[in-house]
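What follows is subunit A paired twice: with subunit B in the first complex and subunit C in the second.
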Partner chain A sequence: MAGTLRRNARLGWAAALFTAVGLGVALAQVGPTTQIFDPKTHKWINYDRKKARQYYAAHGQVPDAFRRQIVPFRTAEKPGTIIIDGNQHFLYLVLPGLKAVRYGIGVGREGFGWAGIVRVGRTAEWPTWTPPAEMVARDPNAAKFAGGMPGGPDNPLGARALYLYQGDQDTIYRIHGTPEPWTIGLDVSSGCIRMNNDDIVDLHAQVQVGAKVVVLMQGAALYKGV
Partner chain B sequence: MKALLQGVCVTAVLAGGILHAHSADLVVAMPSWPSGQASANIMKVALEDALKIRVDVQEMGTLIAFTGMDSGAVDVYPEVWRPNFDPLVQKYATDRGTIHLAPHNVAATQGLCVTKKAYDLGVRDVADLTDPAKAKLFDTDGDGKGEMWIGARGWLSTDVEQIRAKSYGYANTMTLLEMPEEVGMSGVDAAVATDRPIVFYCYSPHHVFQLHEIKRLTEPAFDPAKWNVVLQADDPMWLSKSSAPVAWKPSSFSVAYASSLASRLPQVAKFLDKVDFAPDEITAMSYAIEVDGKSPSDYAREWVAAHPDRVKGWMQ
Partner chain C sequence: MRAIFLSVTFLVAGAALVGCSSTAPEPQDMARTTVQTAPADLQLTCASAAATSAGVDANKVLPVGSQQLDATRYQVELNASGQRYVCIVDNMGAVSSVQKAA
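Our next item is the complex of A and B:
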């Protein structure tokens, strides 16, 4: 019964999106797993890495819900504030007039998540990526770039990076681009927020250094406070 | 309410502010929440216009404001929440007599709220949260339990919400999350934007009731015999010793001022005794500052200009 309730709740939202854009896929989430609705089989299927790749290969872009769009967003947060809903894989940039730009995001794997209030401490174009020490220790691919990987199309930070600070301290978390745009909508990164390169360029152009960033706690029983 | 004893943390910052107190005729302590900011500034504008005195507004928490009014460094505090700060009222107003509470009370509420989506899915009473199927509606991390914001760490009300969750039994079906208010409220915004159900601690007057369609969960009425609350600050075993399976005691807030004002600035004391904001006005203040982005001082000037009869009545 609980599953039905939840599924129906998600379906209402997903179906609305599906109707609006006429695409062959709607989105939902059950717990931490993103699901998409297949209109051919009328079944919800896990939107995992493999499915995401297939969708991207077929359409050349991510499902509609994860594409950049202006949405109604009633909030008391000031225009220019970023609100990150990792559970739904959305990042909102608050606009005047109770609206927001909504972007699709990829978020951290279980155990890498976090929630709280930080700010954009600095930004960079085509940033250098330096893997954190624990990643170097556990991932041989990352270890190759222990001294830093120059910016460029293969760099995992993508076209732009917003460095998140708490006070004057770098939290080591970033909002960044990605050379793997099909991963938007998935839980794959190392605690960072990833966006496709067009979107992070768009966000970077609109965000001021010092902007408030609110990371929601939904899905955050797993998350650590920053 | 903001029931925040977090004011303790700003002692060092405030010391500087209080040093300047003597250069003003009156010091109004300003809470960190929007309606408190607005009403503190309305008092400043109205008193400066009518009495030609200099009023300083200084941000500080409730505890610091009370000790300031007790020592003479602070004169006025616009929102004393009760029952949250009853112990301070008992100590300074009743026992020491150094602080006076104005007679007008603004009715307030505290409890749990849901968005219309959750209400339509059948979550209407606090007891619904103990139903695992309904609690699972709010599950965002896949563990089968729902998640809910119960307030910010350090708020006195957050302790009480933990006690209530244990007492009602939904501590077993819901994960209780403590985060700053902006994180809790932004979560509500995002849930509404994507038509997802959400349940959260709420208090009014508050702008969230204007921003979204919000429903309060029903629950058994307050019963003093069942309200056995021990606070974390008072006992490490506070949670196990406490029980409160009932609604909060009906809440309210009022203006407080230093008792010495009655002789030092009697016109100000009379004015403060007559200030009578209505709950709707408090909500409007909160919305104007938080949502419309007006500065408290600008809002206060506009409010005073738009309500000359009210201000005149307070002066008589």
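Our next item is the complex of A and C:
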């Protein structure tokens, strides 16, 4: 009963949101766009930062598709390998038995996406965030923390960080948590892979330093070395 | 007459069932992007096949693009140590061709 009420409330919320927003606004957007399926109207609706925030405020979590789940995954990659599908906003942790844990992610916005084969060079719990020089130069909010922002719930890196290396060199890209969990499923970052804090804690607990990380992103620049 | 009645009844019932059936995806599939790509595992299957075909380390082969060809097949473009390859794979993971791009 409670489940039915919750489901009806969810459907009602979705119908109200999608009706208010309208298909015209959705179609006005250009470029690759995330879409979610509206079970009330049976239509795919564009899912932007504003709608994502509204959805998260209403449900306290992201849409089902972006929640952690075990999925079939036919690959020859070793268990423990991380596969990032930047276009579809999923990160897969390969498990034995042709399965994977699938997590929802946020990825680089237009011009900040990348693809490549790297590895986990090191990891950290509640990491310090030090914005790179180019971010300090273009973003006044980042400039405040040019000397480093201590770890904590407001830190942009969230609860855990996996530092991506190529060989022994830090790529400056990370897989990390976020204080903005509603951004999962969107193209929002400066090239890092963001996950909600529960998910990055779960991933961090299962990943070994040295693990291979394959980043798939159609149309993005290749990280050097491939 | 009875046969015709039964046939019509079954047709109406069948139509009603079709009308009630849902084409909605499963909850875990209720998200996508407007860029349609091959599933990640199929892209990696092609990368593995291209590594064998090109004779290069699998860690040097990266899928860089993909598209759905028809209901069951995908085409995956790959960068294999700087060389371009094209692979066709079906949705069961069977690779039907790997060729060096022209």
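Throughout what follows, the second predicted complex is superposed on the first by the 182 of 226 C-alpha atoms of A that agree within 3 Å, B and C clash if a C-alpha of one lies under 4 Å from a C-alpha of the other, contacts with A are read in each partner's own complex, and residues count from 1 in each chain.
Operating definition for what follows: a contact is a pair of C-beta atoms (placed from the backbone, for glycine too) under 8 Å apart; a residue touches a chain by one contact, two chains touch by 3 or more.
Keep in mind that this is a model prediction, so the values were computed, not measured.
Undergrad: State whether A:L216 touches subunit B only (first), subunit C only (second), both chains, or neither.
TA: A:L216 contacts both subunit B and subunit C.
Undergrad: In the superposed arrangement, which partner chain does A:Y92 touch: subunit B (first), subunit C (second), both, or neither?
TA: both
Undergrad: In the overlaid three-chain picture, which partner chain does A:K78 touch, first (subunit B) or second (subunit C), both, or neither?
TA: Touch partner of A:K78: subunit B, not subunit C.
Undergrad: Per the contact definition in the header, classify A:A143: touching subunit B only (first), subunit C only (second), both, or neither.
TA: Touch partners of A:A143: none, neither subunit B nor subunit C.
Undergrad: With both complexes overlaid on chain A, does A:I172 touch subunit B (first), subunit C (second), both or neither?
TA: In the superposition, A:I172 touches no partner, neither subunit B nor subunit C.
Undergrad: Given the touch rule stated above, what does A:A115 touch, subunit B (first), subunit C (second), both, or neither?
TA: both
Undergrad: For subunit A, which residues lie in the overlap of the subunit B contacts and the subunit C contacts?
TA: 32-33, 71, 73-77, 83, 85, 87-88, 90, 92, 100, 115-117, 214, 216, 218-219, 222
Undergrad: If you look only at subunit A, which of its residues touch subunit C in the complex?
TA: Where subunit A meets subunit C, its residues are 32-37, 39, 42, 44, 47, 63-66, 69, 71, 73-77, 83, 85, 87-90, 92, 100, 104, 115-117, 185, 212, 214, 216, 218-219, 222, 226.
Undergrad: Going by the contact rule at the top, pick out the subunit A residues touching subunit B in the complex.
TA: Touching subunit B from subunit A are residues 1-3, 5-6, 9, 12-13, 16, 30-33, 71-78, 83, 85, 87-88, 90, 92, 100, 102, 115-117, 214-222, 225.
Undergrad: In the complex of these two chains, what residues of subunit B are touching subunit A?
TA: 117, 121, 132-134, 136-137, 139-143, 145, 147, 149, 175, 177, 179-180, 182-187, 189-198, 207-208, 211-212, 290-291, 293
Undergrad: What residues on subunit C touch subunit A, complex-wise?
TA: Spelled out, the residues of subunit C in touch with subunit A are 22-25, 27-35, 37, 40-45, 48, 58-60, 62-66, 79, 81, 93.
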